[in-house]
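Below are two complexes that have subunit A in common, paired first with subunit B and then with subunit C.
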Partner chain A sequence: MDIVQLIVSGLANGCVYGLIALGFVLIYKATEAVNFAQGDFMMLGAFITLGFTNADHMDLPFWLSVTMAIAIMGVLGYLLDFLVLRRMFGQSQVAVVILTIALGFVIRFIAGAIWGHEPQSLESPISGIELRFGGIVLGMDEVWIIIITLVLTGLLYLFFARAKLGIAMQASSQNQLAAYYMGIPVKRIHSMIWALSGIVATIAGILFASKGSIDPSAGLLGIKAFAAAVIGGFGSLPGALLGGLIVGLVEPFAARYMPAGYSQIFPYLILIVMLVVRPHGILSQIQTKKV
Partner chain B sequence: MSLLELKNVTLRFGGLVAVNDVSFNVEEGEVFALVGPNGAGKSTIFNMISRFYKPAEGEILFVGKTILEREPHDIPRLGIARTFQNIELFEQASVLQNLLVGRHSHRRSNFLTDMLFTPGVREQERVHREAVEHVIDFLDLQPYREKLIAGLPYGVRKVVEMGRALAIQPKLLLLDEPASGLSVEETQDVAFWIEDIKKVMGVTVLMVEHDMHLVSAVSDRVMALADGRMIAIGSPQEVQSDPAVIEAYLGADDTTDEGEAA
Partner chain C sequence: MRIVFKTSYDADIRLFKHGAQAFWYGLLFVIAIALPFLINEFLIGEATLVLIWAICGMGLMLLVGQTGQASLGHAAFMAVGAYSNVLYQEHFSLPFIVSFPLSGLTAGVAGALVALPTTKLHGIYLAIATLAISVLAEDLIVIMEPLTGGVGGLFAPDIEIFGFTFNRYGNPIELYWLVLFITFIVIYLYRNILRAPIGRAFAAVRDSEVSAKAMGINVARTKMVAFAISCFITGLGGALMGHFATVFTHETFNLIMSITLLLIIVIGGLGTIHGAFFGAIVFVLLPLIISIGRDAFANMAGLGSISIPGLESGVFGILLIGFILFEPMGIYGRWLKIRTYFELFPFYRKDMFKRQKSYLKTERTQ
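What follows is the complex of A and B.
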């Protein structure tokens, strides 16, 4: 029955990858920039929560810490766009890519300076409990990660389908010029999208740090999530989640049935195959611009 | 008071004077057309009214108030809607969704009530949907209501864009070459709609158009531009027979290079 365990732990990992990938895609769809610091956002969000709630740091109540971390990361995302990226408007995409890579390094070292480079676990109410059904042992944390990701996906779906802000975000990512003349403040919407992806990254970080430990280099997970986003179809929100789940599921199975060490290769192997076979990803909206 | 007033507006791109000391008024309830050869500055004037460009000199007033301090996204809320020469639609959305985005500046709701879909929000949705359905009926877009823009023929997209601008319920509608790329029949439909937009909906229209048949058929007044300057203003007949206009289109005499025909 270890298949069930492998599936559950793969899905839980996949949810975290999927949420980071979602952050990539949100920003890419709206602003056509790729935020390579998305993984580091995840790590920073996790460390802020950990810094507030862990007993050897500030020892605040868990939910208060989560709320504050989400708020801080949202504001940080907004300000990053407002103060830095808005000034880069009109620059080449490469400049934005380099900027976000550098930003990732900065975040990594700041986190190391504040919270240290040792791996730490988030003291969250969902970690460390086991569920037993017959012969199956499931980590409560993993089950919760899947549930929370499902709820968050549902909320995001409602947000983009119903909320004025969500629809404005979709509109500005499809056509900025048209969005302006429908009365949508496109620049502010871009900052809001950075805020939203900061928030999603924080939730991913909290989930990640609840199920294992986190250290400042955990942000490098972002590269795997980037692969997930490309596999799912860069530019598709459901695709990002799907890509995350695929990568997450493949890993534990590769680790179980392949020689040691191969599991880390698999996400990138799928990425390469996908780029050859279907370069737009699984759920892409293929759109060739007519001239 | 005129609905829209441009006073001595000048815009330069580097050394090129795109619009040179242009003044005109658009009165409420009229159809006003801007004509002129390519590069005369017509679209540039549109882009200044939409706050895409800021004039170097001069003033633009809408209902007596300057709009030069406004952001582009404030323009629809003031009551000015526009279409684009090259059609700017939300490609991955349906016709209905495109038109509903036109209602954005009328939407008064917050994040929480939207997410909970409260009765108040539902009521508002109904009002917006009704306004949009009215436009769909008006422009005969019923067969395309649920279709994605990406799959629609050019002529239909052109109409959808006009519909989306009307969904804003503007006081002033800016149409940037509404007939370009359309067949003769489609152009006749456009003429018919512009008439109705003026008469039935009571919306003032300012348009840029090359098709002189359409311009003559629907415009109350016409202004001709060449090289960024106003060269004639008046009824369509007056402007078409104006010697300066004929010269701008056809060239002054045999020694000059052949100008661009309309």
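What follows is the complex of A and C.
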């Protein structure tokens, strides 16, 4: 009984990590830039929704707020690439890493200035309800998180497999030059990927904030999502989700069966072992360049 | 503009290009020594902090600026330096003069051990691995409580050299001179490493691993040496930071500090010793400037004191974005441009410092 609860809560956490990791991987695959601010994107998306819908802020209907937050974060992602990241075209990866870290600092500052540094909880229809089957008590929020993640993954899969835009995105991530020759506007596609990644981050943030509470430093959760992305394979979308689930599952079990203090180092230990043993992850699609 | 005619190979690697340069750096050093007579005690404390940050920054600069390996985990090695320094003094009752270099060595060995598995990685994977190390270090310090004092942290005793004690509050000026002396040694070491074969190997690895390999450089070993030396210097800085902070815990050397260290050297200017100093000055003086500016603004607007938590890191982030977009060579790069402008006046051209764009070095093989 205990184990089922641990698994479900682990899966729910893992879904959030997986969604953030999905955001990294989307951007990495398309532009070879790594967005270290993805965790902060998640936090910002959650706070925008919270600012719209919570009773002590604007008190708008929940679904309207979600739609608006998703739209705002999509536009923000697009503009970020259009105004900032595009200037970095052709510069080294490390410069982009530092830029996105700085971006994370700024986002954290803005969120703290607007919504304060106290942890707050999103008033969403899925939080705070418990489901009981026999002896098992499951949080409604956790079940919903898993379902929503599954649906979102399915939608993304369909988008990349069927939609014209999705196929164009795949093409430009595989070979920018060839995609450009085929008439795909590579730069605009990059901006759209950033928008998509902002949207995915917002959904992750909404799920995260309705499960617990959120504060401006929640963006540091992005590091766990990094572990997830690397474990699963940095260049693979299903890998990101898989890695997220692994990290999510390992955490509650380590917390349950290991002495206090040891549990939180497990995701990073797995990450380092993965980097040493199989640097490109479980579902790797990348081979090292050889001379 | 002075043209130096090099008539021997040694002329190419001399510490100073010409006499005038030696004179200016000498003058700078004299001013640095005389600084306590020029400014008040509070600012001397800040100056000491600048020097300590600059030492840590030089450590990271050797790795990022000279060897081209990104590390987001150098606070972990600062922690190794700080903790081991105090532990050597307390458990083995070693004097500072022994424990201090030993703590640097410990950090260096730790760096080499970390480098063993991670030198295979490059670019983004290395950044992530070092990021994980920084997070791990924080947790490990808590776990190793009997040694490190856990959450309670450690108390750093006063520095004592041959019966003479240095304390941040008791005699800040002497502490400043001590740190200045150590800084001078580190700079001397750094400069000499750069003109030694290993320093040139660093530059070769930074510019292209493939061609470095072709020139007969053992890339993995060079990276490991770079890691070790870099962590040695950063560990020394960390030990000083421990003494300066007097009490430090796992949170003193957290992930934010690792990232801050990287940001410092980027703002200052990657690949130069000057950069580490400029970055440290900006980082230490920024809170001062912000608080002065905030008070001035509050007075103008007729408000009381306003406090915006996290303003420093926000401003720091914005500064950094500005630098990366508009002046990727940092403060020192800007200074070089201004100096060249006046040296060549009126023949300076706009694109003299234009960087070659390297187009998307992909790791994929498609």
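Assume the second predicted complex is superposed on the first by the 286 of 291 C-alpha atoms of A that agree within 3 Å, B and C clash if a C-alpha of one lies under 4 Å from a C-alpha of the other, contacts with A are read in each partner's own complex, and residues count from 1 in each chain.
Definition applied: a contact is a pair of C-beta atoms (placed from the backbone, for glycine too) under 8 Å apart; a residue touches a chain by one contact, two chains touch by 3 or more.
Quantities reported herein were computed from a predicted structural model and do not represent experimental measurements.
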| item | value |
| --- | --- |
| Partners on subunit A (subunit B, subunit C) - clash or fit | fit |
| Subunit B, subunit C and vertex subunit A (Cα centres) - angle in steps of 10° | 90 |
| First, second, both or neither for A:V186, with subunit B first and subunit C second | first |
| Partner chain in contact with A:Y268 - subunit B first, subunit C second, else both or neither | second |
| Subunit A residues touched - subunit C or subunit B, whichever exceeds | C |
| Partner chain(s) touched by A:F226 [first = subunit B, second = subunit C, both, neither] | second |
| Which superposed partner A:M258 touches (first subunit B, second subunit C, both, neither) | neither |
| Partner chain(s) touched by A:S92 [first = subunit B, second = subunit C, both, neither] | second |
| Partner chain in contact with A:G112 - subunit B first, subunit C second, else both or neither | second |
| Which superposed partner A:I136 touches (first subunit B, second subunit C, both, neither) | neither |
| Touching partner for A:P216 - first (subunit B), second (subunit C), both, neither | second |
| First, second, both or neither for A:A102, with subunit B first and subunit C second | second |
| After fitting on chain A: smallest Cα gap, subunit B-subunit C, Å | 5 |
| Touching both subunit C and subunit B, counted on subunit A across the two superposed complexes | 174-175, 287 |
| Parts of subunit A lying in touch with subunit C, wherever the complex brings them together | 28, 32, 34, 84, 87-88, 90-95, 97-99, 101-106, 108-110, 112-113, 117, 174-176, 216, 220, 223, 226-227, 230, 234-235, 261-262, 264-265, 268-269, 271-272, 275-276, 279, 286-291 |
| In the complex with subunit A, residue positions of subunit B that touch it | 50, 71-77, 81-82, 84, 88-93, 101-102, 104-105, 107, 109-111, 114-115, 117, 150, 164, 168 |
| Residues of subunit C that touch subunit A when the two form their complex | 64, 68, 70, 117-118, 120-121, 123-125, 127-129, 131-133, 135-136, 139-140, 142-143, 210, 213, 255, 259, 262-263, 266, 308-311, 313-314, 316-318, 320-321, 324-325, 328, 357-360, 362-366 |
| Partner subunit B, residues of subunit A touching it in the complex | 155, 158-159, 162-168, 170-171, 174-175, 177-186, 285, 287 |
